[in-house]
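Scrolling down, you'll hit the structures one after another.
Below are two complexes that have subunit A in common, paired first with subunit B and then with subunit C.
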Partner chain A sequence: MKTLGIIVVLLFGSLLIYCTLDFPPWGDPQAPASMHVSPRYIERTMQETSVPNIVTAVLADYRGYDTMFETVVIFTAGVACFFLLRIFGRIESESRMYRHIPTGITLRISKDAEPPRESREFERIDLAWVPYDVVVKTSCRIIVPFCQLFALYVIAHGHHSPGGGFQGGVILGASVILFAISNNMRLSFTRISEKMAVLLCGLGVLIYAVTGALGTLLGSNYLDYGALSRLFGVDPVTARSLGILFVEIGVGITVMAVIITLYYNLASAGRHDEGL
Partner chain B sequence: MIWQIELVVLLIVIICGIGAITVKDLLGAAILFGAYSFMMCLLWAIMGAVDVAFTEASVGAGVSTVLFVATVFRTSRRTKD
Partner chain C sequence: MTELLPIVIAKLNYWAYIALMMIGLYAMIAKKNLVKKIIGMSILQTAVILFFISIGAKKDATIPIIVHGHEGGSHAARAAEYINPLPHVLMLTAIVVAVATLGVALALVIKIYQQYQTLEEDEILTRLQDE
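Presenting the complex of A and B:
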């Protein structure tokens, strides 16, 4: 069975490689894509949308439907992970671990005993005992704000440089994951709760869809941002640039929230008490 | 582009790809997959697709490796059934 599998894989692999020989060479100026499709966007993107980064303009404006349903796919992935992994109802573990901060002594307290009051002296720690590490916590506390600032820059500056909603959203999500890893998962729940993360998943898609629907309401096609010019009182070219920004913000929110939801559910195996 | 660098990167991509599916340890597979993603990111950047390279670096090499490691952390050495 195993040799049969290898034979099938090799057969189809070589067939695929053989088929790629029919492709035009990389960067061939005579290829159909370089003859008809690319020049249209390269020559007219700047005057139609005033967005210097053509990739962003094609992604969010000319191929707006594509990106919208990509966002819906990401949203669906996050919601599916939530429904598959989340265990509803609290499962109390056998015991809890506390650390006495001034002395560094670790306490294990059984489920029925009364836990120490959460104060400056005691902090609850994960069952997989983690040493108190001031270096990791402090350096992550310094890194996280810059990480988030860079993510906002990537989203807002996607018109002019590589980047945009997807990349910026991932970096925003990664900063929250860094916070959750360097402290613990319970503390990150107080910053972005599970309910808020799931709500933000839907909010991003909603922002995208509403931006598209505004075009319809103002008497143009769905996802035609040029129609927003009457709403903002600018010319249609600037309105298309603004529309791309709104859409990118929606994508960024969804991607960030989905990344956080995935991390919360995967790292705590759906119990949402403690994780990596 | 310098073809020697491209060749080295392509070789590392293939080695990491084969290593990720053959290695027994799950954590090792996750790390190798992260290395594979990072080399793919370099390849995208060499080919001039900077947006794709950016996405590959943040999603492939960054967050998905973290998600894999977080999931491996929840698995046990032996199966329960």
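Presenting the complex of A and C:
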């Protein structure tokens, strides 16, 4: 298999290198890739959508269908991961572990005994428990809110600077994962439950589809945000910019929720009981 | 040699991506461990992403965000001043889809491990024959 692999790779690689000889040189402004559609995007985006970031305008407006079904693809990936891995109705173990937070003492309580009441002093931990680390917890507690604030900035400011729904959604998801890693998974479920994460996956796609359908309801094509101008009482060009913002918010919510769902299911192999 | 050098300089980045792509392809063909195959897939995806981004580059052009665009768009944009935005759009979505496919691939790998207690391809095949 190894020799066969090397032969295939060498053949294929040399063929590709031979093909690159016909390529235009790097950075050539006259390259065929830059000659056909992209000049129109660059020259007309500002008049048609009033969005300075051409990438955002092309992503959410000119290629709106592509992005919508791209969002559906990642939604499907999140749901597929859920269905592949999630295990329901696991057997309750013989004893449960609680940690007394002020002293750090771990209590093992048998199944029938009464557990301590849920309070700030006791937290339930799993048998494969994560060590209690003040430094990691505190530093992550400081980082996470700024992470999320930055993510919201990236989504909201995607019209004017590099950013948008995909990037902001990934940062939001990463902040929740950071919280789950630095504390434990049980605590992150109290912040964003599994049900919430899966529902948000669908909500983002729904926001996108409804924004597109609003165009149809207002007498224009699907995903034609110019029709939203009557709804908001602005000119069609500003309405396009607003439509792009709604769509980006939908994308951001889906990406965040999918990243969280993937983490919840992958990190615990679907049992949802222990941190990493 | 002096004739060859401009060609090498003009194509060097493409060759680097092809090398990266071949590393990924080789890992997917020849490695027996399923996680290594997935790493190979990720390397291949990265090579494709870099290749597309490289196509979008233009000399003496800046990122595709119109300068002074927030002042109402009086500034007429010329195509030669901004790099091609289209590969960036395509790869932006491709990166997120790569993450999604990676997640599903890892989920399948976890299931396979739960079933066979191994990730080595040949061991899985022998266990399949034993059943």
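We take it that the second predicted complex is superposed on the first by the 252 of 276 C-alpha atoms of A that agree within 3 Å, B and C clash if a C-alpha of one lies under 4 Å from a C-alpha of the other, contacts with A are read in each partner's own complex, and residues count from 1 in each chain.
As a convention for this text, a contact is a pair of C-beta atoms (placed from the backbone, for glycine too) under 8 Å apart; a residue touches a chain by one contact, two chains touch by 3 or more.
Values in this document were obtained by computation on a predicted structure and should not be read as measured data.
Engineer: After lining up the shared chain so the two structures overlap, which partner does A:I171 touch, if you call subunit B first and subunit C second: first, second, both or neither?
Structural biologist: First partner only, subunit B.
Engineer: Going by the contact rule set out at the top, does A:I259 touch subunit B (first), subunit C (second), both, or neither?
Structural biologist: Once the two structures are laid over each other on A, A:I259 reaches both partners.
Engineer: Looking at A:N184 after the superposition, I want to know if it touches subunit B, subunit C, both of them or none. Which is it: first, second, both, neither?
Structural biologist: Neither partner.
Engineer: Is A:A267 touching the first partner subunit B, the second partner subunit C, both, or neither of them?
Structural biologist: first
Engineer: Contact-wise, after the overlay, does A:S241 reach subunit B, subunit C, both or neither (first, second, both, neither)?
Structural biologist: After superposition on chain A, A:S241 lies in contact with neither partner.
Engineer: After superposition on the shared chain, which partner residues are touched by A:V58: those of subunit B (first), subunit C (second), both, or neither?
Structural biologist: A:V58 sits against subunit C, while subunit B stays out of touch.
Engineer: Once chain A of both complexes is superposed, is A:S50 in touch with subunit B (first), subunit C (second), both, or neither?
Structural biologist: It touches subunit C, and subunit B stays clear.
Engineer: Which partner reaches more residues of subunit A, subunit B or subunit C?
Structural biologist: After superposition, C is the partner touching more of subunit A.
Engineer: After the superposition on A, what does A:G163 contact: first (subunit B), second (subunit C), both or neither?
Structural biologist: First partner only, subunit B.
Engineer: Find the residues of subunit A that appear in the contact set with subunit B and again in the contact set with subunit C.
Structural biologist: Common to the two interfaces on subunit A: residues 26, 53, 55, 59, 162, 164, 166-167, 170, 259, 262, 266, 269.
Engineer: Please give the residue numbers of subunit A that touch subunit C in the complex, ascending.
Structural biologist: 1-2, 4-6, 8-10, 12-13, 16-17, 20-21, 23, 25-29, 31, 33-34, 37-39, 41-43, 45-47, 50-55, 58-59, 63, 66-67, 70, 73-74, 76-78, 80-81, 84-85, 160-162, 164, 166-167, 170, 255, 258-259, 262, 265-266, 269-270
Engineer: Residues of subunit A touching subunit B in their complex?
Structural biologist: My answer: residues 26, 53, 55-56, 59, 162-164, 166-167, 170-171, 173-174, 177, 181, 259, 262-263, 266-269, 275-276.
Engineer: Mind pulling up the subunit B residues that touch subunit A in the complex?
Structural biologist: By the definition above, subunit B touches subunit A via 47, 50-51, 53-55, 58-59, 62-63, 66-67, 69-71, 73-74.
Engineer: Which residues of subunit C touch subunit A once you look at their complex with the stated criterion?
Structural biologist: 7, 10-15, 18-19, 21-22, 25-26, 29-30, 54-61, 63-66, 69-70, 73, 75-82, 84-89, 92-93, 95-97, 99-101, 103-104, 106-108, 110-111, 114
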